[in-house]
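In C-alpha cells below, several structures.
You will see two complexes here that share subunit A, one where it goes with subunit B and one where it goes with subunit C.
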Partner chain A sequence: MAALPKRIIKETERLAKEPVPGISAVPHEDNLRYFDVSIHGPQTSPYEGRDGTVKHTHVHLSNVHVGGIFKLELFLPDDYPMTPPKIRFLTKIYHPNIDKLGRICLDVLKSNWSPALQIRTILLSIQALLGAPNPDDPLAPDVAKRWKEDQEGAIATAKEWTRTHAMT
Partner chain B sequence: MGAKVPRNFRLLEELEKGEKGLGAEACSYGLTEGDDLLMSNWNGTILGPPHSVHENRIYSLTMHCGAEYPDKPPTIKFQNQINLPCVNPKNGVVDPSKLPCLSDWKYSNTMETILIELRRYMAHPNHKKLPQPAEGSTY
Partner chain C sequence: MPPAGHRPLDPSLPPSTEVDNDDRAPYTPGSSSSLSSSSLYKHLRTPSTSSLNIRHPVDLRAITYDGAVDENLVCPICRCPLVDPVLTECDHIFCRACITDALSNTKLCPIDRSPLDSDGVSRAPKMVHNQLDSLKAKCPCCASSFARSMLENHVEKYCPEANVKCPGIYSEKYCKEVVKRRMSGRGCLHYPVECPDCKETLLLVEMEEHREASCNEKLKACEHCGVNILRCKESEHHEECPDVIRPCNWAEYGCQHEAKRTDLHLHADECSFKLVGPMADTLKKEIKLLRSDMRSLAETNHLQERRIKFLESAQRASDRPMELMDLSLANLPESANTEPLDSGHEYLLSLLESQQSRLSQLSNELTDFQGKNTMMLLNETIPIKNELSELRSTQQVTCMHVRWLMRFRMQENQRRFGGSPGPGPSGSPDGGGSSSDLPFSRRLSDSAPRDIITKL
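And now, the complex of A and B:
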C-alpha cells in the first residue's frame, strides 16, 4: 500500500493525543484511512439518551457516558484532503438529515468542503447536526415531513430510537 | 496502488451507481431492503439478450455480499428458472467455478460486472439456443 500522507498521520495523532470531548475516531490497523468513530448525542438533544425534562446539575464525566452513543465509519479517499472524507452512521438514527443507510446530508461533506477542514471539524459538525436537525434540507423526506408537521412526535420517536439503538 | 476502499463504502458506491441507472441498460440492481445497514442482500435483473431464446424475458437474481466482499465475490442465485451450464438446475445458484468473473474474482469487479457477464454468457453461441423452462417459472 502507498505510504500514508503526512497530513493523515498528523490528524490521526492529534485525534489520539487531544481527543474532542464526546467524540472518538480510531483507525483500523489494517487500513489507516478507515476509522471507527463514535459520537455522543449532544446534551438537551433527542439523541442524548436521557429524559430531556430532567435538569442536569451533575458534573459530566467523559469516561462514564451513560447516554446515546452513535457509531459511524469514516474513510479518507485517495484524493483527501482535496475531496471530503466519506462517512456514514452505523447506528440507526431518526433524523431528517440522515437516511436509512446512515448517509448524512451536510454541506461541509459536499459543496462546502474545503481542504482546510479536518476529520475533527467534520465530526464536530456532525455532532452539531444532531443538536440542530434541519428539516428544510432533508435526506429522509418522511422524517423531515413529520418533523415539520408534528415536531413533538418526531422528537419522541428520535428519543425512542436513541434508547433502542444507541444505548446498548 | 491507491487506498483500499472498505466494503461498506464500496457497496454505497455501487448502490449510488445502480440508483442513478448509470450502469448497463440491460441490467439493474439495488438493495433488497432499503434500510439494511449491512447492505448484504441485493436484487438484480437481467433483460434477456436479443437474438437468443432469452429475448424479451426478464430474469431476477439475488446477490449476497458477505463480510469479506469485495475481497471475495458475492453468491448469485437466479429466482427465475433458467437452463445454463453455470446455473444449478435444482436451486438456481450460479456455480462460481464456471463463470470467469467469479472464478478469477478481482477486487475491482462489481455486481454490475457479474450481471453483464451473465448476460453475455446467455448470448454465447453455445448457450443462446438451449431449451428453456416456461417463462416466469421460479425455483
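And now, the complex of A and C:
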C-alpha cells in the first residue's frame, strides 16, 4: 500500500486534537483510511434521543452523552481528495434522505464534492442533515412520503427508532 | 568494467586488488568502530566527494515544517504548504499539481465552484513564492532545519545522513551500492566482516548500526559501575563513568591520591596540593602565554631582518644604473655614503631621497622624450600631408577630364540618335553647365553615372 498522503495524516491529527462538538472520527489501526465515526443527534431534532419535555441543560452535565449516538463508517478511497469519502450509516435511522442500507443522499458526497472539502466538513453536513431532513430530495421514498403526509407521525417514528437503535 | 563515460580514476586511489584482498585487515574489535575502520582506510583517498552525489528530489509535502505555517500559504486541496503555487481567475490559490488534478475531474473551482479550466490558472505572484521558499523545514535525513528552497541542495550535496554512491564505484570493484555521506570517505564498506561482539557476519557498512541497535551482544555491564552499556561506546562511557578510578586533579604536581570519579571531590579538601595546585596551574598558563608571545616576537624579528636585507640589496642594485646614466644627482648616495651613518634609519632616509630625485630625473627625461617624439611625428606627417593635397588636385584634374569626355560622348550620342527624348537628361548638359559652381566630384558621383545608366 502506498504511503498515506500528508493530507490524510493532517486531517486525522486535527480531528483528534480539535474534535468537532458532537462528532468523533477515529481511524482503524490497521487501515488508516477507514474511520469509525459517531455523530450525536442534533438538539431539538427527532434524533436527539430525549423527550422534548426534558430541559437541554441536562445534556452537558456529564461528559457522557446520553442522547442518540449514530455510528457510521467512513472510507477514504485511493484518489481522495479528488473523489469524495465513502460514508454509510451503521445505526438504523428513520430519515427521508437515508436508506435502509445506511446510504446517504447528500450532494456534497456526490456531484457537489470538492477536493477542498474535508472529513470534518462532510461530517458536519451529515449532522446538519439530521437536523433538517429534506423529503423533497428523498433516498427512502416511503419515509419521505410519510414525512410529507404525516410529519408528526414520521417524527414520532424517528424518535422511536432513535430510542431503540441509537441509545444502546 | 566502469561505464564509458565515467570520471577518470583518481591517481591517488590504490589498485583495487589492494582494497579487495590482501590488504583488508580483519575488522578489529576494541575502541570505537569508526576509529578502527578509519585507521584501516587512512591510506585511501576517495574521488572528489561531489562526484558521488545522487539526485535527491525532496517531497515538499512529506517534510515537517518548523512551527505552524500561515493558513494562507496552505493548499486547500493537499493541506500542505503550497508547492509551485498558482492563482485562479477567481483569486484562489492552489498547488499547480493539485488544481490540475482537480480540474481533470470537474471544471469547477474547488472553493467557490465557479467554472474554471486550466487556461484560467496562472503562476502565483513572486511574493507568495518567496514566502514559501523561506519557510523553514526539517531535512528528511538529518532533521536539521533549513529554508525549504535550500533543502534539496542540502540533501544532494551536504547532508551527512543522505545517501551517496559508494566510492567503490570508481574502483575496479565498481560497487553500485549507496552509503550515507558521512561514511563515504572510507572507501567501499560493502564487504563482509564479523561482528566482534556476536560473531555474526555482516557488511562493514552496517556494522555501526548493528552494534548500536540490533546486535544481540551489544550490551555489557561496565566493569566499574555495573551499568549496562553499549560495547561499542565503552571508551566514551569510561570518560564519564562515575566509578572509574581517577587520579587527583593535582597529580601532575605530585599528589599520589587516586579515587572513584564521584569520590574525587571528597579528596579535594584534604589534598595537600590544594593550595599549590591552582597556583601552579596559573603559572603554567602564564608560561604558556609568554612562550607564545616570544614565538610571535621572534617571528616578527625574523621578518624585519629579512626586510632590511632586501632593502640593502635593492640599494646596491640601484647604485649601478645611476652611475651609468651620469646624472648630476646620482652622486647623492655617494656623498651620503661618505658621511658616517650611525643608524640604519638615516641610511634608509638618504636612500629614499636619492630614489626620489632619480624618479624626478626620470620623469623629466620622459617629458623630453615625449617632446622629441611629437616633433618627429610632425616632421614625418608634413610631407605626407603635402603629398595628399597634391594627389587631391591631380584627382580633380582627372575628374574634369572625365567629365569633359562624358559630355563629349553624350553630345555625340544625341547627334547620332537624333536627340532621343530622355525626360531629365535631355536638358541636363546645358543645365549642368549653368550650375558650374557645383564641385566636379559631386556632379560626377551623383548625376553622371545615373545618366549613363539610363542612356545605355
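As a convention for this text, the second predicted complex is superposed on the first by the 160 of 168 C-alpha atoms of A that agree within 3 Å, B and C clash if a C-alpha of one lies under 4 Å from a C-alpha of the other, contacts with A are read in each partner's own complex, and residues count from 1 in each chain.
The criterion applied here is as follows: a residue touches a chain if its C-beta (ideal position, glycine included) is under 8 Å from a C-beta of that chain, and two chains touch if they have at least 3 such contacts.
All values derive from a computational prediction rather than experimental measurement.
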Problem set entry | Partner chain(s) touched by A:114 [first = subunit B, second = subunit C, both, neither] | second
For this session: For A:163, decide between first (touching subunit B), second (touching subunit C), both and neither.
Result: neither
Exercise. A:31 contacts which: subunit B (first), subunit C (second), both, neither?
Worked result: first
For this session: Report the partner of subunit A that touches more of its residues: subunit B or subunit C.
Result: B
Exercise. Should A:10 be classified as contacting the first partner (subunit B), the second (subunit C), both, or neither?
Worked result: second
For this session: Identify the partner contact of A:103: answer first if only subunit B is touched, second if only subunit C is, both if each is, neither if none is.
Result: first
Problem set entry | Partner chain(s) touched by A:92 [first = subunit B, second = subunit C, both, neither] | first
For this session: Pick one for A:148: touches subunit B only (first), subunit C only (second), both, or neither.
Result: neither
Exercise. Can you name the residues of subunit A that touch subunit C in the complex?
Worked result: 3, 5-7, 10-11, 81-83, 112, 114-118
Problem set entry | List of subunit C residues in touch with subunit A within their complex | 61-62, 76-80, 98, 101-102, 105-106, 108, 110-111, 113
Exercise. Can you list the residues on subunit A that touch subunit B in the complex?
Worked result: 1-2, 28, 31, 33-34, 73, 75-78, 86, 88, 90, 92, 100-103
Exercise. Taking the complex as given, what residues does subunit B use to touch subunit A?
Worked result: 1-6, 8-9, 12, 15, 34-37, 39
